[in-house]
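Dumping the structure here so I can ask a few things about it.
Every chain is named by a letter (A, B, C and D) in the order it is written, and numbering of its residues begins at 1.
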């Protein structure tokens, strides 16, 4: 083990709030990160700011990503994380029907592209880690795309678990609810203005959606990713980690 | 009411095995059917063979279907049924990633297109009826697309229920497992040949997937659609009808 | 078939609001009903008022019910329905712990007692029908017992489905939410008085729990039971019928 | 913090295989453990062998346990763990109906008794940790009690999450499948002998029930408990941790 370079992790969507928190925490835990994203400048910045990060420009909604990511791997992949967001807006009444296809290409197709890219470098103990928001199980009609597409993600992850488990490679679906992020803060400010509420009042409606009374932070979500580095996390194979501070109703 | 024409139902995928069984049963129950599909000749044949059927050529994976179906409606729609299949083959290891997007366009986008087409003609007591196979909840890695896409369908139907319920319009997701259809018989014959089994042996593996020990028939599936014509079926609003003869494991 | 007596159904809890609605509807559909309950006088009244009803005094929370019901059967049982209520009050903070055991004896033990009583008279096409309220999947802490016990019921019914399906006997779990019953009306009046609301306001909070905007009626619930008399209802074997007018959140 | 005694945890069922593994790991992580069980001798042995363990004789199926546990607490409780087994044998066809009530008294009533005992000593950041086997969601008719009762446990835990979350106290349901324990080894040897298989063959049927191809160990389960000591585990509040190495079918 002595002279080997630190283990390699792959993070798709590494320049987003969540992706960056994960990337930083993985580095703190002694790993290198191949940071995948579409925006070259942002990736370069990330690589400058966080040691141990290598940028990889690729669009996960395009099959070219399979080759691009695959070519950038220099050894076994300890963890492949898909943390890219889903830029599909609109309610079930307003969303463009074809946007659901576009969303599927990003997260369902994208998940398969990531897996196929890293597959030759997966070894026993490797983790495949996917995010799928809690709307996938308990949707709201105001967010048609995140509901429908993430439901598909849960399904696809179960399938991948069946295929990779026998190789000793484990799969994990992390399911956050709304998270205390800059993006949500901006959204809340806008919504408060529109509805004539104070920012605090509008924020409280989100917190009320959890039974804990507060929203998870990106740091807490990143913690959940790094706990999967423990070898004992094998036992969590195939499961969903609900990271929503008690935000869903069903007994699951 | 006396001189009014029979109530109108819309069936997308009416020339398929399931769609045709539904169409015929709706006609037997005194309804007219607007039969929607891509294949003009098959639709024309159906309209010739089954009285009360009007053909409507439209591709539900294209937004043009919204106008085409909408223009063909001459009054309130009692029931809109999406019974088109999902022609996405391949396992989670072999399916083309972009095919998941194509599947989403057909069933997720397609569901929204159907709903938007009929929306102006929906009235209290109207039914929105969608099919989503049991693989959506309990997938098999050999059928990547039907698993992932149908999970999304369950999600989208919950959203539609939230939006249409307050208008007195009810939503129903019918979830069959494998069905005793000509298509499955052909599949079984092929698989038996490949695996060196008799057709009976191969068929038995499907039947073993249900606890009833036999597969549902298209006629039974069609029965489930027509029971929704009863006004009391309001009570089933928002729910999933599992039509799989005991083929799933979860307590849901 | 000509001179045979009408088919026999068994209804446990036949003198309750739901049980009575089911009993009457089964009789209207040409069946005889063995009405099981603890209260002799009420059962006698029911038998007087509804033709084709035979009373059977038995406490389903006691193993003696197995013999009592079994002895009262004179031929094949077409349908065995468990419609007895669960008299366990209290929130997760106030319920007596031992009351959960009492509740389990009534509905979990009771279900098994009913099934064992009728087992020798079950034939292909017979139905085992159980009620388990929607709190079993999506609980409220104000109703600890109905939540916990009905979750167990869903589980036990899946097990029974696995065992009875191969004999051609089907199992069906009916899952109502709050129902528009005299009991709920009384509860609402009491709660309105306590909270200083009008009855209409308090009632509206219940209706708001469904997406349909109104509560199911006992007649609608009874309709769902009698649709299981159709032979095609085989296809619903092993499933849950959600009779809550869109009252739950999960995609199931 | 300097001179304070180590934080206190409570483990019900501490002398069982799982309870002991958890107890030892909590001690290794610098906690004291109040070990609760019925068997005085075994508890005394445990206290002798593991430093930092205090025995507490109590039967969790009896309300007396509330007082007994409560009286033994000398300060805030960091974590209350219910790891007692469910000694209810039999299939849905053979189990004594009243045994389901007995099982409910142990795990449903028992959970409430534990929570009420520790309630005055719970503080923000405290954890309520419960075990509920995977049969609760996907049962087998050969294990009637574990299926039905654990389904109820999942439900009750959701309720407790709703009540304790607002106090900053989090709830966690750990859901193992079959575990590689001495008890299972004994069971497998017996079953192998009965069925004329080798022990290896019989064991393989269990491993085949996971997609990882091997059973979790008690040490891995104990790891999952201690990860909840991290403050970031707040985010897992209200959720189920599936510890079954990919042993269930549903997408949950």
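Keep this in mind: a residue touches a chain if its C-beta (ideal position, glycine included) is under 8 Å from a C-beta of that chain, and two chains touch if they have at least 3 such contacts.
Because the structure is predicted, anything quoted here is derived from the model rather than measured.
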State the chain with the largest centre-to-centre distance from chain D, centres being mean CA positions.
B
Quote the value, from 0 to 180 degrees and to the nearest 5, of the angle by which the CA atoms of chain C must be rotated to coincide with those of chain D.
180
Length of the line joining the C-alpha centres of chain B and chain C, rounded to whole Å:
30
So how far apart, in whole Å, are chain A and chain C when each is placed at the average of its C-alpha atoms?
43
Provide the list of chain C residues touching at least two other chains, using ranges where the numbers run on.
136-137, 139, 151, 154-155, 158, 162, 248-252
Listed in rising order, the residues of chain B that touch chain A in the complex are 63, 91-93, 95, 97-98, 100-105, 108-110, 112-113, 116, 135-137, 139-141, 144, 147-156, 158-160, 162-163
Can you list the residues on chain A that touch chain D in the complex?
137, 151, 154-155, 157-158, 161-162, 165-166, 168, 170-171, 176, 210-213, 216, 219-221, 223-224, 227, 230, 232-252
Chain A touches which residues of chain C in the complex?
136-139, 151, 248-252
